[in-house]
Amino acid sequence: MTLLENPPEASAPDRPVKANWFRLLLADPAAFVSALILLLVAFVAVFGKRLAGDSAVTGDLSLSRLAPFSLDHGWQYVLGGDLLGRSLLGRLMVATQTTMSVVVPVVLISLVIGASVGMWAGYHRGWRETVAMRIADVVYSFPSLLMAVVVLYIFSPSIASIIAILAITRIPVYLRTARAESAELQTRLFVDAARTFGTPSGAIIRRHIFPIVLPTLLTVATVDFCYVMLAESSLSFLGIGVQPPDVSWGLMVAQGRDQLRTQWWLSVLPGLAIVITTVSANLLASWVRIATDPGQRWRLTTPRRRRRAARPTVLETT
Amino acid sequence: MLTFLRRRTLTSLPPLLAVVLGVFVLARLTGDPAALYLPENATAQAREQFSAAHGFDQPIWSQLIDYLAQVTRLDFGTSLRTGEPAAVMALRAFPATLQLAVVTMLLACAVATAVGCWAALRPNGLGDRISSLMSMTAASVPDFWLAILGIWVFSIMLGVLPTSGVDAGGLSWVLPIAVLMLRPAGVLTQVVRGAMIAALGSPYVKVARSKGAGERRVVVRHALKNAAPPALTVAGDLAVGLINGAVVVESIFGWPGIGKLMIDSILQRDFAVLQAAVAITAISIFVLNIGIDLGYALLDSRVRQKVGAAA
Amino acid sequence: MTAIGMEVSGLTVELATPRGTVRAVDGVSFTAYRGRTLALLGESGCGKSMTAQAVAGLLEPIASVTAGSVQVDGEDLLKVSRKRRRQLAGPALSIVFQDALTALNPVLKVGTQLAEPYRIHQRMPARQARAKAIELMRHVGIPEPESRVDAYPHQFSGGMRQRLLIAMAVALSPKVLIADEPTTALDVTVQAQILALLARLRAEHDMAVVLITHDLAVVAEEADTVAVMYSGRIVETGPVDEVFEDPRHPYTRGLLDSVPVDAERGSDLSSIPGAPPDLFSIPPGCPYQARCPLVRDVCQTERPPLETRAGRTVACHVAEGTAR
Amino acid sequence: MTHTPHGLRARNSRAAALLAAATVSLAATGCSVANTTSGDSAGAGNTLRVVLPQEPPTLEPCEASLTATGVVVRSNITEPLLERNPTSGALEPKLATEWTQTQPTLWTFKLRPGVKFSDGSDFTSEDAVAAIERSANNTALACNVQGYVFGDSGKLTLAAPDAATVTVQTEQPDPLLPLRVSFVEMTKSDISTTEKVREPVGTGPYKIESWAAGQKLTLTSWDGYWGSKPRYAKAEYQWREEGTVRAAMVVNGEADLATNLGADDGAGDTGVQYPNNETTALRFSTDQAPLDDIRVRQAIDMSVDRQGIITSLFGGIGQPASQLIGPGVVGYNESLTPTPYDLTAAKALVDQARADGVKVDTPFRIIGRTAQFPKIAESIELIQSALTQIGLTAKIEMLDTSAQIKYQLRPFPEGAGPVALMIMHGNQAGDAAFTVGQYFATDGAQSSSGSPQLDQQIKAAGALTGDARQQAFADVFASENQDIRGFTFLANMGAVLGLAKNVSYTPDAATGDELRLADVKPKS
């Protein structure tokens, strides 16, 4: 049921859609800033190593534990130096790449596998569903950090094995979500209709179920983004995360924890990087959720003053 | 209801068994502990003796059969490290973690419900934005980092809390719980907020308002009960995840719980203890899942009907 | 007998949308008499539901009332305090929604929901309120109310759910009952039962009923007065007999002409060529100009006011003297 | 920084604590506790509170050479016949008053009279024989002491001619026998010979009062101890993994003594630096390119910035090392000096080797044990980065103890490839024989280098006594550095002890392995 029986904006398809999106983004300053931050993170992840230069790799022990916020030793040392006298800014930039090259594949792999299996299981129901769910139960009922520890002791901790194990432990999250939604959708009329036309099940899943499940999955993925970064950091705390000379934000936080009281910047700054990135991702995700939902889009455009005056109530009606 | 419980227990058994078997095999793949437990210059013969004495020289499947035979007699083996029965060690450590987890989850749920509901009343308002930002931040702070910072600030700088340990009464609980609950509280707040926004927007809330129901009644009686199921699911997942946090928190605060026991057992290749600890954890997770299913039934009559139908 | 139940005048509702503010309801006025039914008739999107929600004080935050008044019992519902507004919700004015499945709380027993008006407004003890709920259920024709009072909404059929919703609305004998498409989601036979129930309750409680619908047949059978809405405005209003017999506004006429003579109840209003104007680009002058067969120059420049001439109330430049 | 020591003693039960934590009265409780505690640490009264890095897995005395066990057991709960003074290196009487080599293969120990076990029974030669038998000859029990000190001693034949005399017959003449026996903690003769005992009865100044596994271990002094009564009536051990937490406990007044702190753990002015027994080094597998060429190994040796590591990473604790043992151990060579840091010379050596056809570009692994010593990962990283600069290719691999130990002990994993292993060696015994046989001899359990000549030298040195022994072992270290260079020595390590203001204790090299509570005194 839609209370605005004809959402006013829906009746004007002739307006350029892209400009509209950008305006919607501008209308939410928090989301706009988040988008800029994520762009910056992506940029640094790609070019950071080159930008950071030598000072991120070769240390100068005389600059060991250099305090931040001083330009005396060049821009590279504006955030101070680490124990080996490398530029902390440079290290953060290099770490961005490693962190992203762990987090992004983990999220993508678990998303793709979990979503495919989940949609398949939910669509077919029956034994396929049972088997998939029981396997997910097994993975889920063993604390993921301990599983990672056991597995990383078998296969020595490399970026590839960290990605593999973290992806495995995250698959059930997507699998459960996708299964639940697809099980619900497969009873709907349009799926029935497609089935009666003889559309193969793979195509139905791809064309009819996937697009509807996707937004939910993406929301889960954003939350997971943060989870994976923290999990990687916890692994580093236990000494089996990303291994030196590679460096990730999580590893920097873990290694810097001893210096928290003396050289706080060694762990606080990479910690901030994790927090800022995940908060940005979450803010942008919640913006996407609102912007793609016609029933809620108005929130982004209603003048703030009016909104506050409005009665606190009711919004989405689908 | 009983039938539901019985069926649920039966379907939970194979995964439970799979977890125990999986850990058994995986743990043994991490290597023979002989080198760890024998002196550095022990002879090859001594090592073989050690392996034979503990059965590590057998093929994995035969070790597994022996182990299962043992377990059916409720004998979980003896710790290599301490010489104590593994089950005793696991059972001793379990309550400490359970208490920690229960208090943490209760507090996290309380905080999340209060803040989430409040934020949902004015979505995108200033309060909502601030609480969202705070809950997102809470959910993304590394726990070990927060633990050390907490000790520094509250124990050393302010001197109001003990640094660690369990013997300072209620005060000992403050830091571990604060650290442990931050992530669940942050995530749950977001979930409650989302579910409450959806519930507050639904027609039945309009109807309730049209009956003259006040804000309190609308939120507590009408919306919250509808928003609870999704929050319950997430709370269950977070409770399972607490074990991860417990590993870190217990290590740092010297909390004698099962998370620390498991990680130590892995490090020390103390397989018997690891298996006992994993078994008890897995069982409690299954109990938790069943509890969550029952919680659904309690909250939602539609589910209750299905549960009843199974009876 | 024909006391005024509710008097709405100049009600204007604006929506804040991504592309600016639009007027969804523009100066709507009508009077509902007790013991009578007033039908608000129009296509979807014409603003009739919005009008109902504005009157009931249930607008979404996106929408706000910018002008007008709603008088019930000498009080302007739009001006009273929130607390007073809550006190009036139920005893003075209540509303029945279209989709009873979503309008009933799925996790609460129907008895609890039915008892709620008594609990809120009369602070009745639970046991007593429950008895009242059973009485209400019997009142609206639900069989075996004693055993079903503890059931949940999903255990009732669509028609029964709608009855429950109506029961809840009439619990405190409101002076005004707004029924927002109360039968749209129902089978034809059930529709008739529900409408009959509404008619009975109207008489018993001496309520002014505002029936919001797009169904001409329903209007013809149930309403005493009709107000035809188009693009957020009332374009013609009057006693149903008169309006349906001799529509003065080209839009009303178009609606009536589009229904086959032997039309069944429930046929849609969709056969006038063209579509209502986009709310963002309502042209100056008459909003119906683009679809009007009688359009003239003046229609494109001047907005026709809703005027009473010769006993008929119409908003049209050309309507005068177009009697059939 | 404010020091608010509070005696947070446990009275509430866990359940009550749970309640308290969950209620609002929490803040109020917090205030009252903070306010009622005075400057005088309530716990100190007569209890010494010690915080260790880990819980003792067991208190079995025959495992006392394991640090986690020994630090609690040795000389506190149980005592040996004689003990080595960690500073002078001399053996001093404990439960034996004198010991003599009555024949080349026979040692006689005279026991101290009037010694009692904490359960009241007398300590006799029968107990001593059983204890030595159990620790030295009982291979089935697989005691750590058995492997650590008696692994190469051959079978001992024990006898108790009278209640106050014990004789030990060795297969070969063994000048080290008294030193070995100093590792044997005395237990009662009825102690199990087939199973390890978690809570032993000993003759030490303290006995076990209670052990709440996972939480706390309490020792209490007992009347009837043969020596002078210790100053603290009770000792409470707790354990915390993180050094920062251990330091915080002392700073915050929750513990009186914290062991094994790092420079960055924040002990502040409660921290006392002391050299411990440990020496860190990179051990090379000398059989594969590029590490099979001595010039490459020398080049690596030159590219380690020892002073830089100690200053920047270890916070100034420790000394650059020139050999695998520290001063104070018999056989330490005073004349050896740490290799100077010289990247240019190192690069020249590598280039020279390359010119001679050595495959210097072959990658090798630097393997380290996670958290073996503070800043191990950073140290290895620094070394690896220097190696890159001199033209070598090294990969870092940090492993957990169990995985790392496979590379440390023979037989090494097959197909391991060239490995530089970060090791940390502590010579608890005080005699180089316990080092060189293990690490330098071609068949040593932890050796991956060596030569027949060096083997000869080691064997010859082992048979000597006195100054000749000192000189011979010193020569062994010189030869290793000169001819083999199977190691790059990093540092003679040090540690920090957190010591509360009102406690007086002087740590020595053995503190990490054996913390004698009787030496800890309240400050007057």
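Labels A, B, C and D are assigned to the chains in the order they are written; within every chain, residues are numbered from 1.
Everything below uses one rule, namely that contacts are C-beta pairs under 8 Å (C-beta built on N, C-alpha and C of every residue); 3 or more make two chains touch, one makes a residue touch a chain.
For each chain, UniProt lists the protein as follows: A, B = ABC transporter permease; C = Dipeptide/oligopeptide/nickel ABC transporter ATP-binding protein; D = Peptide ABC transporter substrate-binding protein.
Just so it is clear, the structure is predicted and the values come from calculations on it, not from any experiment.
Chemist: Using C-alpha centres only, name the chain that sits farthest from chain C.
Modeler: Of all chains, D has its centre farthest from that of chain C.
Chemist: Report the most central chain, judged by the distance from each chain's C-alpha mean to the global C-alpha mean.
Modeler: Of all chains shown, the one whose C-alpha centre lies nearest the global C-alpha mean is B.
Chemist: Between chain A and chain D, what is the gap in Å from one C-alpha centre to the other?
Modeler: Inter-chain centre distance comes to 45 Å.
Chemist: If you average the CA atoms of chain B and of chain C, how many Å lie between those two points?
Modeler: About 53 Å separates the centre of chain B from that of chain C.
Chemist: Could you please state the distance in Å, as a whole number, between where the Cα atoms of chain A are centred and where those of chain C are centred?
Modeler: 47
Chemist: What is the distance in Å between the mean C-alpha positions of chain C and chain D?
Modeler: Distance between chain centres: 87 Å.
Chemist: Identify all positions of chain C at which a residue touches two or more other chains, and write them in rising order.
Modeler: 57-58, 99, 102
Chemist: Residues of chain D that touch two or more other chains: which are they?
Modeler: Only 244, 266, 400, 402-403 qualify.
Chemist: In chain A, which residues are in touch with two or more of the other chains?
Modeler: As it turns out, chain A has residues touching two or more other chains at 1, 153, 257, 260-261, 307, 312-315.
Chemist: Give every residue of chain A touching chain D within the complex, in rising order.
Modeler: 57-59, 61, 64-65, 83-85, 153, 156-157, 239-240, 243-245, 255, 257-262
Chemist: Could you pull out which chain B residues touch chain C in their complex?
Modeler: Those residues of chain B that touch chain C are 202-204, 206-214, 217, 221-222, 225-226, 299-302.
Chemist: Please name which positions on chain D make contact with chain B in the complex.
Modeler: By the definition above, chain D touches chain B via 1-4, 6, 8-12, 14, 16-22, 26, 29-31, 33-34, 57-58, 60, 65, 139-140, 142, 144, 146-148, 151-152, 195-196, 198, 212-216, 238-242, 244-245, 248-249, 251-252, 254, 266, 400-403, 405-406, 408-409, 411, 438, 444-446.
Chemist: Spell out the part of chain B that touches chain D in their complex, as residue ranges.
Modeler: Checking each residue of chain B against chain D gives 30-31, 33, 35-44, 46, 49-50, 81-84, 89, 92-93, 95-96, 99, 103, 106-107, 148, 151-152, 155-174, 177, 251-254, 256-257, 260-261, 267-269.
Chemist: Where on chain D is chain A touching in the complex?
Modeler: Touching chain A from chain D are residues 243-244, 262, 264-266, 305, 308, 311-313, 370-371, 374-375, 377-378, 380-382, 384-385, 389, 396-400, 402-403.
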